[in-house]
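A, B, C, D, E, F, G and H label the chains in the order they appear, each numbered from 1.
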Amino acid sequence: MDREKLKEMLEAVAAGTMTADAAIDRLRALPFEDIGFAKVDHHRELRQGHPEAIFGAGKTPEQVVQIMARMREKGSNILVTRCPAETVTAVVGAYPNAEHHKAANAITLLATPPQPRPGYIAVVCAGTSDLYVAEEAAVTCEFNGNTVKRVYDVGVAGLHRLLGQHETLTKANAIVVCAGMEGALPSVVGGLVDVPVIAVPTSVGYGANFGGLSALLTMLNSCATGIAVVNIDNGFGAGMLASMINRIAGPH
Amino acid sequence: MDREKLKEMLEAVAAGTMTADAAIDRLRALPFEDIGFAKVDHHRELRQGHPEAIFGAGKTPEQVVQIMARMREKGSNILVTRCPAETVTAVVGAYPNAEHHKAANAITLLATPPQPRPGYIAVVCAGTSDLYVAEEAAVTCEFNGNTVKRVYDVGVAGLHRLLGQHETLTKANAIVVCAGMEGALPSVVGGLVDVPVIAVPTSVGYGANFGGLSALLTMLNSCATGIAVVNIDNGFGAGMLASMINRIAGPH
Amino acid sequence: MDREKLKEMLEAVAAGTMTADAAIDRLRALPFEDIGFAKVDHHRELRQGHPEAIFGAGKTPEQVVQIMARMREKGSNILVTRCPAETVTAVVGAYPNAEHHKAANAITLLATPPQPRPGYIAVVCAGTSDLYVAEEAAVTCEFNGNTVKRVYDVGVAGLHRLLGQHETLTKANAIVVCAGMEGALPSVVGGLVDVPVIAVPTSVGYGANFGGLSALLTMLNSCATGIAVVNIDNGFGAGMLASMINRIAGPH
Amino acid sequence: MDREKLKEMLEAVAAGTMTADAAIDRLRALPFEDIGFAKVDHHRELRQGHPEAIFGAGKTPEQVVQIMARMREKGSNILVTRCPAETVTAVVGAYPNAEHHKAANAITLLATPPQPRPGYIAVVCAGTSDLYVAEEAAVTCEFNGNTVKRVYDVGVAGLHRLLGQHETLTKANAIVVCAGMEGALPSVVGGLVDVPVIAVPTSVGYGANFGGLSALLTMLNSCATGIAVVNIDNGFGAGMLASMINRIAGPH
Amino acid sequence: MDREKLKEMLEAVAAGTMTADAAIDRLRALPFEDIGFAKVDHHRELRQGHPEAIFGAGKTPEQVVQIMARMREKGSNILVTRCPAETVTAVVGAYPNAEHHKAANAITLLATPPQPRPGYIAVVCAGTSDLYVAEEAAVTCEFNGNTVKRVYDVGVAGLHRLLGQHETLTKANAIVVCAGMEGALPSVVGGLVDVPVIAVPTSVGYGANFGGLSALLTMLNSCATGIAVVNIDNGFGAGMLASMINRIAGPH
Amino acid sequence: MDREKLKEMLEAVAAGTMTADAAIDRLRALPFEDIGFAKVDHHRELRQGHPEAIFGAGKTPEQVVQIMARMREKGSNILVTRCPAETVTAVVGAYPNAEHHKAANAITLLATPPQPRPGYIAVVCAGTSDLYVAEEAAVTCEFNGNTVKRVYDVGVAGLHRLLGQHETLTKANAIVVCAGMEGALPSVVGGLVDVPVIAVPTSVGYGANFGGLSALLTMLNSCATGIAVVNIDNGFGAGMLASMINRIAGPH
Amino acid sequence: MDREKLKEMLEAVAAGTMTADAAIDRLRALPFEDIGFAKVDHHRELRQGHPEAIFGAGKTPEQVVQIMARMREKGSNILVTRCPAETVTAVVGAYPNAEHHKAANAITLLATPPQPRPGYIAVVCAGTSDLYVAEEAAVTCEFNGNTVKRVYDVGVAGLHRLLGQHETLTKANAIVVCAGMEGALPSVVGGLVDVPVIAVPTSVGYGANFGGLSALLTMLNSCATGIAVVNIDNGFGAGMLASMINRIAGPH
Amino acid sequence: MDREKLKEMLEAVAAGTMTADAAIDRLRALPFEDIGFAKVDHHRELRQGHPEAIFGAGKTPEQVVQIMARMREKGSNILVTRCPAETVTAVVGAYPNAEHHKAANAITLLATPPQPRPGYIAVVCAGTSDLYVAEEAAVTCEFNGNTVKRVYDVGVAGLHRLLGQHETLTKANAIVVCAGMEGALPSVVGGLVDVPVIAVPTSVGYGANFGGLSALLTMLNSCATGIAVVNIDNGFGAGMLASMINRIAGPH
């Protein structure tokens, strides 16, 4: 298709309906992927009504509201993560249809409901304190049209509860596992299943966990195979990666 | 099936052909997954002739040869990574059919050829020095029956070469990207495709790369979505994760 | 006993009073330890009225109150550590019998008084600023039914005061030593006694103590033998470990 | 007794058979513990024929042989850890009765067989590569007169094997658990038992394990209770701590 | 000239119009550069009406106002960076001509308009959150009399926008590139141009970016040539360096 | 003298005016240094009216006031460092004679004026922001009876000002040099003088100074000889060390 | 020109002498910079006979010789840095015209002598041990056609020697300053001149210099303005940056 | 005196026996300290036959021999530290009078015996493995003309031995204390004496001592007062600092 667009333009030049100079300018102005050398997710998504995400932290409420306005004009579904309280107020005030996912500290604003996908993603977390990261991942997955099965509060101290969810885990197309402290849960889950495990270290803990470093290193050094690590507290990134895997998976 | 096995045993107890005490002992002795609570890859693989991997570093040549002997008895395909020179000599001496993959510094010994899978995995590396990690990933993927397309020597300084391989990248089910130094290549690849990118930081570099820490942090903090990070130099882990994703992917 | 329970069930199957299918379901549902492969502290403690601990930081007051409610139903003794001020207010409001240990920043709520154990545990701290960690350890020990002897304010600069407590130290079954700054006190105590010394680095200090890292490294590298290290500021963990040692110790 | 010795001396002064000046000099010269203020393990051990340990690394073979000579004169049992090859040769040459424990890379030289103690210590390790640390711990325990039960090669990937050893673990008075890589094994063992678990991070691994830092942080941040951490690769320290706990434990 | 001043003084001594003692005292009191051994930027700038910069953070509003007063007496142009809110109020209150650059969080107070220089500096930033650092750099450049072209919001995810600014980049005499997160943008820009790229890591990000460490290491390890790195968030330093390069550049 | 006290006691035993048992008890109770084995600064200082210091941070105002009360009873001069605002209010309220040194954030309360010592200590700081650390050092020196010469605001950018103070520096018995940022000032001062330079890294800076780590490492790696490093921001420690050196120095 | 080439092609399409399909393929195949969106240094340099650099470490001698062969075919001047001894032997054996710069541990092989540039670059180093990094920078500068003035052995301890070279420093267009240990030299040089100072931390030192980290942090935190930092030991990068600055500088 | 020299020169100008131009040139050429602004140790030492030190590591034997040759011409006493084996051979071959201090791994070559100083320095080390650092300090002190009293092998485990040396410690003018592992010895010594304690962390240890970092942090965070820290393994620096303190100390 990109190729088609380019061909069209060149044929217009060939037909004399477009000058060479105009073609050069258009080439320069076109989104990069249109010339076939590269495909930029961002632009393609805009054209396709795909979801857009805004990292809320470090932006003023006004900036967030403005960025959302531009996106809405393009008909995008919008996800805002890490929302400070003022941003939530501002966004919900500006867009009454926006939904605030409190546990995930995220906001979604849908232009069109996401297209549901077959299969599902399991989102697992070790303890109550890791829940906000797990919910960020879960909301991100759902925002992308995936079914999510939540398996919460199944830390190492409650191993039997995890094992009781064995079937839920093995039938998922991807599993997001969030854990703080020593972060051993992904290793244990990875030992039980043979689907990709997306390990999310959380900053939950104190002292020698050094803001999540402990859990991060544990996950990077896991003996289990099939462990994909993302940044500390990066529930959004884990949800996006899981969505991508679930999309390429055929029905089980 | 596991359920079946357990049911059988319980019915044997019910039928009086097995005492309760004997059943307890068998339950204790059975591989864990047989009772349905958990599934341990290792054992399942043994039963199914699946591949086995040995981390060669830190083991004596004798230990490696002995572990391989036990695995061969079970009909496993065997992969040995990180082979010191003496181990290569010892293994190839003991098993003339073993193949030494020099660039990957790995040995494979096949009992049965791996079952080929549809789709393919792209393995990308930035520079000549990262090649050994990329090859470890590639050999691991092939050992698991996957087709691999190698896209080597496409660092940021040769961006056009990477873009020239755009089609190879976008049609893969998973992409392994190995990079040392500043490790920016996975971010760039991740911006061009919408399949999972498995980022492997390598220890290639000097000074403030601190043995690969620099590339590791870059990849963990990537702005691109769909980036799965593994340990520094962990080509094997990246290959296993990519194999898992390619297995769950249906044909494109 | 676990074995007994399992045997009973299997005999019920043998006797025809339980179907194989029902047995499988019960096996799956039973707490893991009941089948003899594993013993999960948490569940056993519930059955035995043993104490339960809640890490208060990072949980909302509501979450803490709810978790306590579930535990009370099972007749557990409850310890809440690291209580934010609002949590204290909420818990004490909900459970008038709850006791707030101010210096330890902990709350206890007893269903039944803990069973007293012979022997005692010494809890030592270097300075006034380390006191809150020492008290968390002491309250945890007492919560588990142990007698605690407090030896406070005996830093290296007051070595003679420590030596004046020599008898108290040598007759303990375990000694918890809390120290910040350079964290040398456990080494000194370890050189004076031959019982296990549980070293708790505290985050007390500034500059190059890097949030307790300095004291932690000191303790891990101690030349003295018999030093067990726990996480920075982890008075609770130290108290639990000391309680475990005191329980396995016979009377002196 | 110390008190007795001091009393004797003071009575000698009182009786006029010793001058005050001489008493002062003797007080100054006496081993510190004799005056009751402090007890120095080292000296007491010498008098009591207790074992002595030498850290072999960083000492020349001649230094080790000489230190051993001084200790032998006092009738001590001697343990040398971390023996470079030349030291082994030199020591075994000098003391034909010395025993070289190859897997532990340690030498023992006994004047009198250690006094056997009731109960036992379990020494657990995750993988083949961690074995040298586990053996250092085991040899240290045995050198102190303890019975050791070895539970080797029971990493997370072989969880059922660990569970198969459940009884061995729960009946021990102390468990030493050695693990490299992500170091999650002590957390898992700690969740299964209620005796002290001495966690020994090993330097086994590569990349982001940073010489054992990863396993160390995991163990320090463990959610399981009763975890005592020692320095990276410190099998000796773990063995000494376990010995101390087993000594204060009464028979089960 | 310095040489002249010194010569003059020595000739005055020779002429008897100045005593040797007075000359010594004057030598000692003179700004260091006057004797020809060294040139101290600070003093020269005072004499030449060159700009002066004050680092506002960590100073009280009173201190800043007083330092500015001394500088104004010497006719300096003044730049205050990192202004806390109270400092802004105090400074603007005291000097109504002072201009507050809100996005840069900086204040300028000009005695004489800076002398415009030929050529220009491009200031590039990856995302909205990096803007405050980029603006600090831009304001610093303008304060030094340079023309600045701003190229904002051109992160890796919007590569085509960066490429659309290609001409702006290649014609600059120096390019300041600010980026947080993984900090890969300077490498990409450095690959596109052959003018010096001044890379400013920002502290924007979370988790494993460790306050900007991730971006800093990325930039230090860049494969691209011509990358000059400054401290995290140091927009001012980048602006000064860029100004220096633009000053020594002849017109293009 | 200590020896005398001990001799007296032993002679009392010899004379029959004290029983051996009583002597033992007294020995145990006596401050450690009295028996000649050790000298504990703290106690000696109490007896000699020497100054006492309290680290104010991390103590409640009540704790500080109480500790001061005990010290006053012994006639000590008292120095409180790192005073939170509430502590200042509480202390000054309780002890109207207490002097609050605002720039040093310290309080002194003198029972007797300190005995003046010959010679002096120079206290140097690089910038305005390092002043609070320099003042903590200066006040500590003066509290110990030393004359202090302050040489402030002489950073590397104002080298000529430092050189203008050359005589003040070379005639000091010890020089305290406080510097943040890159912390190069002690190296420069150390190259100019041949008296001990006590280098105090300050936490002043941002980004890659990592809370003072940068300045600390600079000072530890100084090429200049005679550099003694103390903890980050430890003006008190530097002042105590300088006081000690000035005390052992004879008059110049 | 790029624009011209593209225009030509489009006119060929317009003229019917090239089909749209062929144009698309050519666009895809063309080096990226030809279409005007991006300019890749590497390719442009090949066309212009510009120098090429090979990082010798981590490549086999055969790889280096082969890469050089390909470059020679394109008429490039070649610089090989960080040459292991075997590589030197192999390269000099294969290319007798290659020059081995022993102190810089670098090899140059010139097809055409570099075009000399006006102005010069000063290369400064602190001590004898930093010389290899300084020489790598100097050889790189000369390889790019620049005149280099070497100012060696001018550490802080020999400040007067540095000052003696004041004129050499102030007249340079750029100054490369290499220093290990505490790395303070760039700050001092930066205080003396007003041209860009490229600071190269070296790994020279021991202990708390942590492989050059100390010098790196010092340079990043420098108070002096105009300091550009490169990676530890990166003499090559510093030389390239200095060359770039000297190229854009007009004659003084 | 410097003042005198300068005055002389100015009077010569005044008297017409020297031109102003000649005076300027001489001013520029004179060692920096002669004009009274600064005093450079190095030059003054040359004139006064003071000792010179060469850091042997990282220099070739030829470089060391040549530097020594230049120093000998000026009549300096020479100390070479950290001598690789080849350097020892080369130096002793070139200078038969050179003395190799094996335990300190240092060489001294005296032109004139150092002038003996009153008072003494105590050099203390914890264990046999720290001895090489202690000896480097001791040899450095002696090389500067100081009497040294060695107090070796007095680690925390042998506290009574340290206490037995109490008098030696308290009468010293300065104490150098070398310790690896947890590095607690300086804190203990600092608690016993009131003279400056120069703490030298050694790299002796393993695992979490991270090459001496553990001991370094311990010493920097010491609660004891009067602790001066130098770089890891920097026996030379400690010896120089101690010499400086002993020089300014009057006789006790």
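Criterion: a contact is a pair of C-beta atoms (placed from the backbone, for glycine too) under 8 Å apart; a residue touches a chain by one contact, two chains touch by 3 or more.
All values reported here derive from a predicted model rather than from experimental measurement.
J.: Farthest chain from chain B, going by mean C-alpha coordinates, please.
T.: Relative to chain B, the chain whose C-alpha centre sits farthest away is F.
J.: When the centre of a chain is set as the mean of its C-alpha atoms, what distance in Å lies between chain A and chain H?
T.: Inter-chain centre distance comes to 59 Å.
J.: Starting from the mean Cα coordinates of chain E and chain F, work out the distance between those two points in Å.
T.: Spacing between the chain centres: roughly 39 Å.
J.: Take the average of all CA coordinates in chain B, do the same for chain H, and state the distance between these two points in whole angstrom.
T.: About 55 Å, centre to centre.
J.: Note the residues in chain E that touch 2 or more other chains, in rising order.
T.: 28, 32, 36-38, 40-41, 157, 159-160, 163-164, 191, 207-210, 213, 216, 220-221, 231-232
J.: Considering every pair of chains, which are in touch?
T.: Final set of chain pairs in contact is A-B, A-C, A-D, A-E, A-G, B-C, B-D, B-E, B-G, C-D, C-F, C-H, D-F, D-H, E-F, E-G, E-H, F-G, F-H, G-H.
J.: Write out the stretch or stretches of chain F touching chain E in their complex.
T.: Where chain F meets chain E, its residues are 128-129, 157-160, 163-164, 204, 206-210.
J.: Of all residues in chain H, which touch chain G in the complex?
T.: Counting only chain H, the residues touching chain G are 28-29, 31-32, 38, 40-43, 55, 57-59, 63, 67, 201, 203, 211-213, 216, 231-234.
J.: For the complex, give me every residue of chain A touching chain G.
T.: Against chain G, chain A makes touches at 3, 6-7, 10-11, 13-14, 16, 20-21, 23-24, 27-28, 32, 35-37.
J.: Touching chain G in the complex: which residues of chain F?
T.: 126-127, 155-157, 159, 181-184, 187-188, 191, 205, 207-210, 213-215, 217-224
J.: Within their complex, state which residues of chain H touch chain F.
T.: Going by the criterion above, the answer is residues 36-41, 163, 166, 170, 173, 191-196, 198, 216, 220-221, 225-232, 237, 240-241, 244-245, 248-251.
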